[in-house]
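Shared between the two complexes below is chain A, which pairs with chain B and chain C, respectively.
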Partner chain A sequence: MKRVLREPFFKVGVVLFGAVSALGILALFWLPHDPYAFVFEPLARPSLTHLLGVNDAGMDIFSELLVAVQNTLMFGVWVAGISVGLGAVVGMASGYWGGWIDAVLMRLCDILIALPSVLVLLLVASIARPSGMELGALLGVLSFPIGAKVVRFQTAHLKETLYVEVALQMGASGWYVLRRHIFPALAPLIGFSFAGRFRFAVMAQATLAFLGLLSPSEKSFGMMIRQGMQYYYLDIWWHWIFPPVVLLGMALVGVTFVIFSLEGVLDGRVKGVLRG
Partner chain B sequence: MARTFLSYALALGVMAYLSYGLPLWLPGDFATAMYASSDVVLSPQEEARLTPVPPSFLAYVGAFMRGDFGLSLAYGVPISTLLGEALPWTLLLGLCAYLSSFAVAFVLGVESAFRRASKVDRRLSGAMVSLDGVPELVLGVVFLLFFGAHLGWFPLQGALTPYSDKSGIAHVADVLAHLCLPAMTLFLASLSGQFLLVRVSVLHVLPAPFVSCAHLRGIGPWRVRYKYVALNALLPIVVRFGFRLASMVTSLIVVETIFAYPGIGSLLMDAVAKRDVPVIQVVVTLLSLGVVGMSVLLEGVAFWLKPKGSLA
Partner chain C sequence: MVEFVDFSLFYEEEHHRLIALENLTCRLEKGKITAIIGESGAGKTSLAKALMAHLPSNATAQGSLKVDGVSWLDQESAQQRLFRQRHIAYMPQGGSENLNPLLSVGAQLREVMAPRFTCKGLLESVGLKEEVQERTPRELSGGEVSRVLLALALASDAPCVVLDEPTAGLDETSKRSLELLFNSLRAQGKTLVLITHDLELAHRVSDVTWVLYLGQLLEVLPSVELFERALHPYTIALSRVFPRMDRAKDIVKIKGEATFRLVHRHDASHAHTSTPEHVHVEAKGCVYAPRCTQPVRRCFEEKPLLKGTQNGAHACYFEGMRPLIALESVSFAYPRSDALVLQNFSLSLKRGEIVALVGDSGSGKSTVAKLMAGMLAPKEGRVVMEEPLRVGMVHQHPMQALNPRFSAYESIAEPLVLGRFPKERLDARVREVALACGLGEDGHVLDLLPHKLSLGTLQRVCMARALANYPDVIIADEPTSALDPSVQARVMKTLLDLQVETGVGVLLITHNLALARKIADIIALLKNGRLVYEGDMPTGVGGL
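After this line comes the complex of A and B, so read on.
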């Protein structure tokens, strides 16, 4: 852990990501205007009342941005939680019990890995128009198998260790061993893959929203960039398009730095495996 | 090996069935989307005439296999015509950007790995890690605004200057000028991932005894790097590369949308906006076919690369 904290990449990453998150936390307590109210003068320039001006529909851009930060973080945690949670449960079950459970679960994972998940998402989003959270759940389910495979491998390896054998000899149940011995040993790996999935989810949300596949009422960076880009020939880029672009970049670069510094410490074991 | 192919075949089946079934299971269609905001009231008979009777799944797949993609609802022209117009642009953009990014990433990755922990390696890797955090959406928008709109160096959108009848060199120059920004965006967006992948894979091969042995035998550094080490690092590169294919297609769609480049991605997003379901079905299925086909091909290459000596 100490080695991670000394990494310059880790520090910069935490600062970048922390700065973005701070805006999201700020929005919990304070918003300058109602981000959903379209009551202001459309395309107004930035001023003291509207720090980043007003968009074409008459919404305060700064308030929109704060809510977009919140939505992005929530979406990331939601998708990563589902993906990593499923991956951990399936991987541990598969690796620990083996046999037909392993065979069935791993074949399912193989099919899901072979499925081009973003295209599934595109298809579902364009035809069914689900809400952002529903789409996130689908993304989580589609993306769990790679994590599950890594967890399975590690679990099967841990099962052979002496301390697990001793615990089993002393009459510990499978559940107890998984909870008490295997899960804690996997925790760093799971935390690491959570960061990877989070990054993937934030990118996916920005992409889908930019392509117009998420509901326009759900504020997000991608959505704001999409709306601003319709007016790029006006002199609005610096207060309308750039803020979401910069915050999205900052959040993603921040998480990427954290992931790479963790990768350096955890080393070869997980290198590159969890990035999809 | 057979099992891998089976999962790909099943995945393709799932994809085809989803593309077939999703539009049928859901309410709303082209006719309702088209007339939703107008005062036209359709009688059930009129609506039935606008909404084609869905074929069975087998007929759907059969028609697809014959290359009979049907008509676009929005344009009333065969989908194959639309594909024929869009595909060359996508191929031009995708091949230019991705082939150059593989080549550059491969050479940089190998060279950087051989100079591991040196100043060059640290800086290059640091820069690539930073670049890896920047998605093509951010890069594309910044390029469009800065090089296109602000500096005016490149055209802002499309693949050709509209209504111009340039020919010969002027035509080629026009195509290249339009290609520059989207290709640059895609190139940079995929470069970092490829670079880091190559570098890590080479780093794993370097400690092998045959590398020091090759050095000791006095084999030149270039031969050692590319013939001995890089070739042996190729297997993990090919395997991991397969995982990236789907995201490469997504990047292509995003970049085409940003620059309104008239390729497959723009065709797809235009169809989504118009709820032109047949076009969505065909394009998504074709893209999946492309991704799965490439994955199978890569699996084949990986199998071929795998050492199969009598000692193994």
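After this line comes the complex of A and C, so read on.
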């Protein structure tokens, strides 16, 4: 762990991602204005009351940005949680018990992998008009199979280790083996998948919102950029478009750096997972 | 001719009575040598004293002891004394302190000699020269003293001679020549009672062996079967205690200690009138049960009676050590393969026994282990197991057998957690078994993960894990393969000590024949899936 702390990538990543998260936490307690109130002078320039000015509908951009940070982080955790959680459960069940359970679950995964997930999302978003969280759940379900396959492979491998054989011979149940022997060994892998899936979800949300597939009432980076782009001919880019782009970038780069540095340090442990 | 029927002997002390012999029902066979063995305090000397009718004043006897149909311990009379003198003679334990230091040997012989003997004849019959009769005891060597004592015992021409530790303290040569004398006495039709600690002597010289423990007769068996086919756990334990020339295995102690059996009186004032109604009957259950390694509840509640077997008798509910796992003419082949890994293979593992399975790589040793552990099922034949059976396995490669994310403590605790061991005693048990396996000196070893521990330590962690939840069987596959001889010795000692305490049956799989001979009771030699030898392997076999 100490080695991780000395990694420059890790430091930078934590600072970047920490700064974004801090804004999100700040929004929990304090907002300069109601971000949903369209009562201000439209397209007002930045001032002390409106740090980043006001948008075309008369909403305070800074308040909108803070809520967008919050929504983005929640969306990321939500999607990554569903995707990685499902992947771990399906993968462990499939890898541990094998047989028909494995056959059924893996064919299901194959079907999901085969589906063009972007098209499905576009289709569902345009026809059903789901909320952001509902779309996030769909995204999670569509993206779990790859993780499930990795977990399944690792589980099947760990199941064959001598120490699991010993535990079974001593009377351990399958549940016990999964809980005590297999899950802890998979934990680093699951942690990485979570971070990766989080990054993917944040990017996906920005994309979907930019394409206008998310409800305009739900603040997000993508939606703010999309709105600002309509007025690109005005001199608004630096206080309307630039801030969400920068924060999105900081979040993505921050998570990437953390994953990158942990990969380097925990390499042995991850390989240990592979070898059992 | 000498017959005990429900014979008991007590020594009355001020507040209690000490049980020296209890409910002895047995008969001495005429013209044979009967050895009486047992630890100190078993009642051997009391038995000898009863045969001599030479009991201390505080002794009380119950039941009957008859010699040629005559009640032996009736009150003293000159006639009675003469009768005894004619029937039973005694060679006392010890050396020249039994002789009068002032009288010559000849004078002492003449005191007791039957009319038909001469000093010369008697001395020659015990292998001494005639001139010895002129010497006083302090002019005799130890061996000569023994012979003189024997001559004295023979002098009365009694048909039965009680020999109390006749060879104690003698060198091997004197011992052997005394043994020859005993044989010739038997050939003359004498009945000999040989009281001894020396199991090998009993085995070599006597015809029948009686095994006494805390005043009770636990087993009667032909002496030739003493080391090989004894049935009572105590006899088996005694045979393992005794060092033998033809045995490579180390001596093993018996757990616990024999104690005197006392019965406290309700009322001390009844000291001389006390009858059995006035005493506690403490002997509920088998006297050996507290030290036995395979007792069941019944052993503590109900005393097993001496019952006859094929050619002896024993007082135990079981015929010898209880079998734990037996493979009966098992054949085995791995799936999708026709080649038989094992062919018509039989091997049984009994409680308190160490069976070493020796053989080359690929001879099927690990398959036997897996069959015994129930991890594989045989293709033909049967695997018979005592139920329920807890098996502890020690694997060859500790690095793989231990979860790299478990501290040593967690690994050792695992069988306890899985066995629903009471939580409040779990910690104490883990530390106890770790200590027993040599992991205790430095408490923090238990908190370390496997990659911080040496291979030797890991192997001991595996051993501790296998032993933690009081297994009935330990199957150890090359448990010391990675250890240097010093650590190997330590791990093996731990195993042996725990076996003494718990009577666990051990299947030891090893390439190391020297180690196997040192610790195993039975060595099974496996070659190409067949059992080619099974026994205690006194010397090397088959070029090994």
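In this text, the second predicted complex is superposed on the first by the 261 of 276 C-alpha atoms of A that agree within 3 Å, B and C clash if a C-alpha of one lies under 4 Å from a C-alpha of the other, contacts with A are read in each partner's own complex, and residues count from 1 in each chain.
Keep this in mind: a contact is a pair of C-beta atoms (placed from the backbone, for glycine too) under 8 Å apart; a residue touches a chain by one contact, two chains touch by 3 or more.
Note that the structure is predicted; figures quoted are calculated from it, not measured.
Placing chain B and chain C on a common chain A by superposition gives a fit, with no clash between them.
Comparing chain B with chain C, the partner in contact with more residues of chain A is B. When the shared chain is aligned, no partner comes close enough to touch A:Ala156: not chain B, not chain C.
Once chain A of one complex is fitted onto chain A of the other, the partner contacts of A:Val166 are limited to chain C, with no touch recorded for chain B. Within the superposed three-chain model, A:Phe260 lies in touch with chain B and out of touch with chain C [touch as defined at top].
When the shared chain is aligned, chain C comes close enough to touch A:His181, but chain B does not. In the superposition on chain A, A:Ala44 makes contact with neither chain B nor chain C.
Touch criterion not met for A:Leu86: it reaches neither chain B nor chain C. Working from the superposition on chain A, the chain A vertex angle toward chain B and chain C, CA centres, sits at 120° in steps of 10.
Between chain B and chain C, the minimal CA-CA distance in the chain A superposition rounds to 22 Å. Comparing the two interfaces of chain A, the one with chain B and the one with chain C have residues 272 in common. Here chain C touches chain A in the complex through residues 373, 375, 391, 393, 395, 397, 400-406, 414-415, 418-419, 465, 469, going by the rule given at the top. Across the interface of their complex, chain B is touched by residues 9, 107, 110-120, 122-124, 126-128, 146, 199, 203, 206-207, 210-213, 222, 225, 229, 232-233, 237, 241, 245, 248-249, 252-257, 260, 268, 271-272, 275-276 of chain A. Those residues of chain A that touch chain C in the complex are listed here as 161-163, 165-167, 169-172, 176, 181, 184-185, 272. Considering their complex, residues 3-4, 7-8, 10-12, 14-15, 18-19, 22-23, 26, 126, 129-130, 132-135, 137-138, 141-142, 144-145, 149, 193, 196-197, 200, 204, 240, 243, 245-247, 249-250, 253-254, 257-258, 268-269, 272-273, 277, 280, 284, 287-288, 291-292, 295 of chain B touch chain A.
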